[in-house]
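The following blocks contain the structures, represented as structure tokens.
Two complexes, one shared chain (subunit A), two partners (subunit B, subunit C).
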Partner chain A sequence: MAEAKLLSGNDACVQGALAAGVRFFAGYPITPSTEIANAFARELPRRGGIFMQMEDEIASMGAIIGASCTGTKAVTATSGPGFSLMQENIGYAAIAEIPCVIINVMRYGPSTGLPTSPSQGDFMQTRWGSHGDRPVIVIAPYTAREAYRETGRAVNLSETYRVPVIVLMDEILGHLRERVEFRDEDLVQEISRKGPEPGKPFLPYENTEDGVPPFADFGTGYRYHITGLIHDETGFPTNNPVEVDTIMRRVNGKLDMHIRDIERTRFVDADDAEILIVAFGSVARSAHEVVRTLRNEGKAVGMVRPVTVWPFPDEDIRTAVAGKKAVIVPEMNLGQMVREVERVVAGAVPVHALNRIDGLLVTPHEIRDLVEDLL
Partner chain B sequence: MGEIHEKYLRMDKMPHIWCAGCGNGIIMGAFITAIDRLGYDKDEVAAVSGIGCSGRITGYMDFNTIHTTHGRALAFATGIKLAKPRLKVFVFMGDGDAVAIGGNHLIHACRRNLDMTAVIFNNHIYGMTGGQFSPTTFKNKNATTAPYGTTDPDFDIAQLCIGAGATYVARGTSYHARLLTDLIVKGAEHPGFSVIEVITHCPVNFGRRNNFESPAQMLLWQKEHGVAARKAKTMPLEDMEGKFTIGELYRSTEIPEYLEEYGRVIQAANEEKKS
Partner chain C sequence: MSKRWEVRLIGTGGQGIVTASIILAVAALREGNNVVQSQNYGPEVRGGYSTAYVIASESSILYPKIDLPNVLLVMTSTDYEKYLHEIDEDGILIMNGEQGSEPLPDNVYFIPITNIAHDELERPITANIVCVGAVVGLTDMVSEAAALAAVEEHVPAKAVKINRRAFILGVRAAREALAKREASATS
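Showing the complex of A and B:
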């Protein structure tokens, strides 16, 4: 591949999605995600795909779920206020197990907030934003190159596990332009959901061994029913407690069964570090910079960067923090991922939150000061 | 009729959840009769519904069926139709579903003119939640959320859809079942977004609270108040007071169907790519 391009994070998401076979986009404009809609509007018709500007984000979510029912890979993109509006239908996609990808370019909230400022305030919302227990995969890239590759992976994970996948960007990452050198490992594969086995009776919500039932695309001869009511293996509503328990445990447990395939955590000088920084998204760019400069000065600092942020990489974090002097969790919010880190670390190592909520990026300087205090 | 039921309904899902005397079964019967007449292959039909008593219809019919979220059926249907235009897409909604929570989606579906058919079950009440007033409940009616009578003015769904740009709009009733089948057939054959508003009766949550003694009385009310659109044109306005028109109310072939227009977008994009 080895090809260099100047790409913004938002454009990289679009390119990655297209490479993974996305042929449908529905969305509603909102800063700082709008360039994604613009790019899909340009690119999809060229590939015989559909770009649809819907009347709002609720409709956008509905439309991508509908498109996905026919077997078409479908994406939407939004930011804070729009992401809030999508929550009911994200829950629908989760329990009806319809693949779809939502790109959320985080901006400062709540409410209209600071529309052009970055934030990481939706970290918990991506996981818990819908009512009820629902599974979700959330992937947070930190460069344009990674936005390309990880959006492609998001599409593939969604197809493989029949689960909504959220690509968690932020304003900085969406709008920055950087030189991206694509290498062979950036090649995005095209993976599609598994279909019914010919000759075998089709159970749309079968309790399969791998936790993922086969998906029959609408219009392929399998006439079945999809509903957001809790359903049995046939797809029809049930309130039988045993059946309800069974499907809820399968749907919410299926990702755990494949956690090694879903998780992706990156380590920078973590092994011999005394101080470990846990960061994601654009804040991880600052953290990376700190590790680079302090290592040059011979200081034992490292970083753990969850790329798949949900399911939270419990094992990776637990192993990485063992024996460290302290852990720092810098975030552009009042402390969201730090709660997960504290849960996993469970008091074994002191955990320090570093929070910035003035609409600006956590700087390398701030992180560095804290590291030096703790060393 | 029995044969049609066997052919198009999921008989193993019977009995349905609708109350005795409810109009929804009549609408479902009219619909499958229409599909039979249209001769559509069941595999090629997608039936999409919202949430409410009416929304349950998709579970009983043997097509590609999806019961979505309250008010959002048209959004899901839009995705299905655009992604697989070959499918015949039908959307079933209640009055609350279609013109309260889903009102925004309805007017935009009318405006876009994508080739789908919406069947709106207008029972003038929120059935599923137990009898709260809806945007189509007439003034001075009783509902659980209007114990002193409703004060809100009501929507005329068919007029709303005509105003929003739907290219085929009709109104039927659960009393005039044969007419309803005709209207659904015509709506389905119409190349564009078609709406069939169906005035139907909810004896339990509307009738009981509003001086109707039986489902039959509610059907009689429909018979007495539904006036054929063609006849209404010749009647003095004051004779139409409190009545409503039924039949085909509007049809236009001037506005292009959405996917036809989108074909031009694809063409333009490909020409740009080549140059």
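Showing the complex of A and C:
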């Protein structure tokens, strides 16, 4: 498709977003995500798009939600402290069903933490960070090439399902540059939200069969109400228990209806493995290295790597772990994804957490030591 | 290139070692290798501790970090003993400075990087390109031609000439250090 080039994880996100048709970025610079803002500031005006530097991350989310209401594909990027500030408006986008993409380049927390060090401490926050039940799709790439393709996919899923999508990066992937050679399968499509059917009455929050109501872009002639209050099919507030139950079940259930389209899980030598490593993001690179090394030595080790980490790939994990001797979940936190793995495995196979919280990447060496103990 | 090259550059923020590492990465990439380049730094813009690294290999690079590099270049100190345990057992250590009178371990080289940039080129800012030359001259990680092309690509158009010279002087100093080492080994 194109010649090999040196591309950073952060720049790859920007290129993937642009390829999917993103034309608006609002954000507040923060290490280690700042290069994303820089690249959008450079690239968007050339394409007739808009870059806005906001006063903070609350306003950044507000701006991309507003831009998206006009039908413009919109992205913001942040890290730890900024991501915490965005949670209120992520909940708003979820219940108001406004497509938007948030790139969170994880750094070490809590609070200001270690601004230049990596972490996977936001795994649970991406899913549960807002108050109330809200849907979200979270995608965690592990190479620059994948960051390109998956950010493009994030934009498209957000448009298709009218849901906020979070691209979950980390400092290591954001800041490294690596050889990227795009192939045909990396081609990013441009998918836009479905609009109202001409001639048919428009209900902005219609209880459609596929769970996703049509979106009338502002300025296209439709007058309707968007609110963070729980609303009925017309978009106006309601506290009627039946209507409240209906919209909450539809909004929170719509992703389950399309789960095969949303999930993406990668398997490396998992079928005949005795020990299975479940890892995501940069830690999965260490895990993959261990699988490669130990397979060369004839040892039965494999890896399952959720690319879509939320909704958590319950079925893929359940199937993959069946009959294994043990499961290892390495993470750069005190144990977040391991809780999901334990929930899914439900005691069928022993699950071992391997946690590193000194600001450094889990090494292949330490994963290997644990694998060899368990073999 | 048959081995996995792991090169680490240590300096202070503002010295241009990140650029030097990118140049090495691009040169290795152009020669058909897989590469990963990255850097560690503190919150300061200039003056703080800064390290950059490159991994180059024919096979795909999964683990993106370096534990013990096989090339370590230190811009900020001449105390080589402090860094001997920070390289791989078959690795080399490149120190920025003039070699003293005492004999050095076989894997340690002194290259007067700052002096070359300051005195010969009269452009201290080119020290990072002298670094690139030093690494290329002391190893067979990438060819001189590929490295020179990458240097030219990554410096401002008006500074191509001076940086080309900086690269060549870095390579030359490295070759001289190698020749001196071989001469003393055979004597």
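Annotations for the structure displayed:
Here is the rule we use: the second predicted complex is superposed on the first by the 374 of 375 C-alpha atoms of A that agree within 3 Å, B and C clash if a C-alpha of one lies under 4 Å from a C-alpha of the other, contacts with A are read in each partner's own complex, and residues count from 1 in each chain.
Just so it is clear, contacts are C-beta pairs under 8 Å (C-beta built on N, C-alpha and C of every residue); 3 or more make two chains touch, one makes a residue touch a chain.
Treat the numbers as computed from the prediction; the structure is a model and nothing was measured.
In the superposed model, A:Ala279 makes contact with neither subunit B nor subunit C.
When both complexes are overlaid on chain A, the residue A:Gly48 reaches subunit B alone and has no touch with subunit C.
Within the superposed three-chain arrangement, the count of touched residues of subunit A is higher for B, of the candidates subunit B and subunit C. Using the contact criterion defined above for the overlaid structures, shared-chain residue A:Pro237 touches subunit B, although it does not reach subunit C.
Touch criterion not met for A:Val155: it reaches neither subunit B nor subunit C. Contacts of A:Val105 after superposition: neither subunit B nor subunit C is touched. Looking at the shared chain after the overlay, A:Glu178 reaches subunit C, while subunit B stays out of its contact range. When the shared chain is aligned, subunit B comes close enough to touch A:Tyr92, but subunit C does not. The interface of subunit A with subunit B does not overlap its interface with subunit C at any residue. Here subunit A touches subunit C in the complex through residues 4-6, 31, 115-116, 172, 175-179, 282, 285-286, 288-289, 292, 361, 363-365, going by the rule given at the top. Residues of subunit B touching subunit A in their complex: 13, 42-44, 46, 48, 58-59, 62-69, 72, 74-84, 86-87, 104-105, 108, 262, 265-266, 268-270, 272-273. Subunit C makes touch with subunit A in their complex at residues 22, 25-26, 29, 33-43, 61-65, 67. Across the complex, subunit B is touched by residues 23-24, 26, 42, 45-46, 48, 50, 52, 54-56, 58-72, 74, 88-89, 92, 218-221, 223-229, 236-237 of subunit A.
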